[in-house]
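See below for the structure under consideration.
Chain nomenclature is as follows: A, B and C, assigned in order of appearance, with residue numbering initiated at 1 for each chain independently.
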Amino acid sequence: MARAVSTQQKTINTVLAWAIGLLIFFPILWTILTSFKTEAQAINDPPLFLFFDWTLENYAIVQERSDYMRFLWNSVIIAGGSTIVGIIIAVPAAWSMAFVPSKRTKDILLWMLSTKMLPAVGVLYPINLIFIQLGLLDTRTGLVIIMMLINLPIIVWMLYTYFREIPGEILEAARMDGAGLRDEILYVLTPMAIPGIASTILLNFILAWNEAFWTLNLTAAKAGPLTAFIASYSSPEGLFFAKLSAASTMAIAPILILGWFSQKQLVRGLTFGAVK
Amino acid sequence: MATQHSRSAARVMMAPAVILLLGWMLIPLTMTLWFSFRRFLPLRGGDLGWIGLENYVRFVTSSSFWPAVQTTLVLVGGVLLITVVLGVLLAMLLDQPMWGQGVVRILIIAPFFVMPTVSALVWKNMFMDPVNGLFAHLWQAFGAEPIVWLSDASLFSIVLIVSWQWLPFATLILLTAIQSLDSEQLEAAEMDGAPPLSRFGFIILPHLSRAITIVILIQTIFLLSIFAEIFVTTGGAFGTRTLTYMIFQRVLESQNVGLGSAGGVYAIILANIVAIFLMRIVGRNLDA
Amino acid sequence: MGRIVLDRVKKNFEQVTVIPPLDLEINDGEFVVFVGPSGCGKSTLLRLIAGLEDVTQGTISIDGNDATDVPPAKRGLAMVFQSYALYPHMSVRKNIAFPLRMAKLDKAEQDKRVEQAADVLNLTDYLDRRPGQLSGGQRQRVAIGRAIVREPAAFLFDEPLSNLDAALRVGMRLEISELHKRLETTMIYVTHDQVEAMTMADKIVVLHAGVIEQVGSPLELYRSPRNKFVAGFIGSPKMNFLAGEEAGKLNADTVGIRPEHIRASASEGDWVGRVGVSEHLGSDTFFHVHVEDWPQPVTVRAGGEVEMYHGDTIYLTPDPERIHRFDAQGLRLG
């Protein structure tokens, strides 16, 4: 609201908002802090907040004992691979729907969205069976395919809403200038849509990184990403708070940073353009 | 702007996405449907033939069905209530002028980016552990007996964890919606003599109604399939077995695929009912 | 070369016919303007020629070759769009070079042609800017530059001046006309503004509801409009139409007379009326005259500094040679 508010009111707002913000953020903050404590300090009563002997030993132990880097790499491959493949498939589809709309475009878009709403558990066994048959169980390839499929509707949708904001005349101009379809998409549409494509990539990378149904059910030791790695702490290692915290911090830190960059696009992506 | 050339090109370029999603939807769905009519126990005799609707009947008459429905409803309803109410309040607060708004926003959004297994484990161990958890320390500091959260108040605990994860989503969307409200409308209402409470009831809330509906629908779809949070905390014990979790157990733990598949079909139908409402809103938005 | 022939070309959108079958010949080097009110199908016709829309029936040939099914990229035409449609992510230089890059010309030749075009269009100082940093008129010139470098068979302009302010528009009009004189390439220009049509065209095509009402040079259309629509559309201010008794005297359903073909006088004339609104432009004076019993005021153009005002009595005399007669269908008589 564009109106002057008294300093007093603004102070109250600030204090209240910061208090709530810190309260909500506290579990994450606490996890990060605990990751730098020794196990004994981590369960100290009363809890130690800032004044403890900061140590990096937990990070070293986690990597050493559980080969953290391998899980991290699996996460990167699965989230990154599925996003890239998804974009490659979705850009032409979104181009078609945004610039050559037909009577069925809307139905196709809504249908794509509806596949996103299929409860995963309803098709758990068939997918499991197919994966066993094709030898995809516990492989990164298999996970890349699944992640790509479950996020494809969101990728198409986001790209579609971004493409629709690009005036069709510019693409027609490219056509008049002698550009074929490939040139039109590669040299005109894609560079113009870079911001939209970037936020689509970002959001889908985050979603794939955090996905925790298929990753838990279709992977084991070999292709497990960080979600599965963390789940393995559920017992009994979870009692080692400092190590759990170090592992957790490493699993969420990259995505927290990416996520903060993508907060604007998040709304648009997750509401399928219904709220902007 | 469409010529025959571009239309046929469009069809070709749409084909991979459409075919993949069609396959992704139809193949497993058909298999689930097929299994749901059969007695199928992979570890105890395999496919034992067609049994009609028996799986469907058994699934809903099993003693754990109604408790699972109740658990699901409490989980979904509880999280929705908490996230929407707090989300509206938080969004309104964040819309006020203040110092460091951007930082507060980042703090509040953060939980959404935490992977479900991490948030479940962190809450389970570092906060809800009856001996070493922060809550236990807090309770003891006030001389109270620590609560064994995940067995004595298990469902409430999970509602709490999931709400923490989804509150940022609701807040962010509602904040975006509030920011699109024309401030002149509020000023006009103020000139007309409407006190703050009626301004909220007559202007802000109706303006937010669409965003709230969207939040409810999207969250419902995600919440119905909550899995990891239960998997790593209680493993479905202590009255935290939702429909999704029950189907998961039927399929993978007790390996009764026929029965689990029938449950899956129920889950698909349920999700579709919610989805239809969401599609209507999204679809209307497409025309605009 | 740039001779374009439309033969029985028809266009439907879904079930609606927007252009019933029409024939049109555009000769090499001609400046042809499609003019008509909005929704008359002039832009659609241009897009059919460009290949951005399919014809439903009929054929389009360019320089004697059937181009009906040739995609726009291969027709050898260049188009300047209403919104200019510049590529916002490319510099002016890259924008202008884009068609050459698509044609896979070697780099040196590209640079040479871009420099030439920039020189002609006074864009040399702006070659390294982005379109977003240019004024409307400069963007317009970049769009034209992008069109001329590829040396097309014909230029297509789709209302190119409608986003410019009035002063710039007059200037750009002249520039485009000069460009045509210099290049001697076929140009097809779409506008809803009859002033643009009259000032620039060798040949005007007046369109109304998808139908060609008349094709001719500006003065042909001015002197002998084929029907009431063309008569009313061409010329500014608009032709006055009189029906009833006055038309009956001349054996017509309706008669039309242009404001500049009526003599105004303070003392004598055929018709007597009262000045309603008077517009004194200095060079001209326009009177809107109310004649008793006539349903609409008559517009009259008088000399530059005629001192008559609202409420004054005024006498009008039409030039009998310049009265246009129309029958009940609106077609020209005689």
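To be clear about the criterion, a residue touches a chain if its C-beta (ideal position, glycine included) is under 8 Å from a C-beta of that chain, and two chains touch if they have at least 3 such contacts.
The structure displayed is predicted, hence computed values, not measured ones.
**Student:** Starting from the Cα centroid of subunit A, hunt down the chain whose centroid lies farthest away.
**Tutor:** Result for the farthest chain: C.
**Student:** Select, from A-C and A-B, the pair of chains that is joined by more C-beta pairs in contact.
**Tutor:** A-B
**Student:** Provide the C-alpha centroid distance between subunit B and subunit C, rounded to the nearest whole angstrom.
**Tutor:** Between these chains, centre-to-centre, one finds 59 Å.
**Student:** Quick check: how many Å separate the C-alpha centres of subunit A and subunit C?
**Tutor:** Those two chain centres are 54 Å apart.
**Student:** Whole-Å distance, subunit A centre to subunit B centre, using C-alpha means?
**Tutor:** For subunit A versus subunit B, the centre distance works out to 16 Å.
**Student:** Two or more other chains touching the same residue: where does that happen in subunit B?
**Tutor:** Those would be 1-2.
**Student:** Mind pulling the subunit A residues that touch 2 or more other chains?
**Tutor:** Within subunit A, residues 172 contact more than one other chain.
**Student:** Would you please write down the residue numbers of subunit C that are in contact with two or more other chains?
**Tutor:** Residues 51-52, 71-72.
**Student:** Taking the complex as given, what residues does subunit A use to touch subunit B?
**Tutor:** For this pair, the touching residues of subunit A are 1-3, 5, 9-10, 13-14, 16-18, 20-22, 24-25, 27-28, 30-31, 34, 43, 45-47, 89-90, 92-93, 95-97, 99-100, 102, 106, 108-115, 117-130, 149, 152-153, 156, 168, 171-172, 181, 206, 209-210, 212-213, 216-217, 226-228, 230-231, 233-234, 238-239, 241, 244-245, 248, 251-252, 255-256, 258-260, 263, 266-267, 270-276.
**Student:** Of all residues in subunit C, which touch subunit A in the complex?
**Tutor:** Subunit C reaches subunit A through residues 50-52, 71-74, 77-79, 81-83, 85-90, 98-99, 102-103, 146, 150, 156.
**Student:** Please output the residues of subunit B touching subunit C within their complex, sorted ascending.
**Tutor:** The contact residues of subunit B facing subunit C are 1-5.
**Student:** Can you check the complex and tell me which residues of subunit A touch subunit C?
**Tutor:** 167, 169-170, 172-180, 183, 187-188, 191-192, 194
**Student:** Can you name the residues of subunit C that touch subunit B in the complex?
**Tutor:** Touch residues, subunit C against subunit B: 51-54, 71-72.
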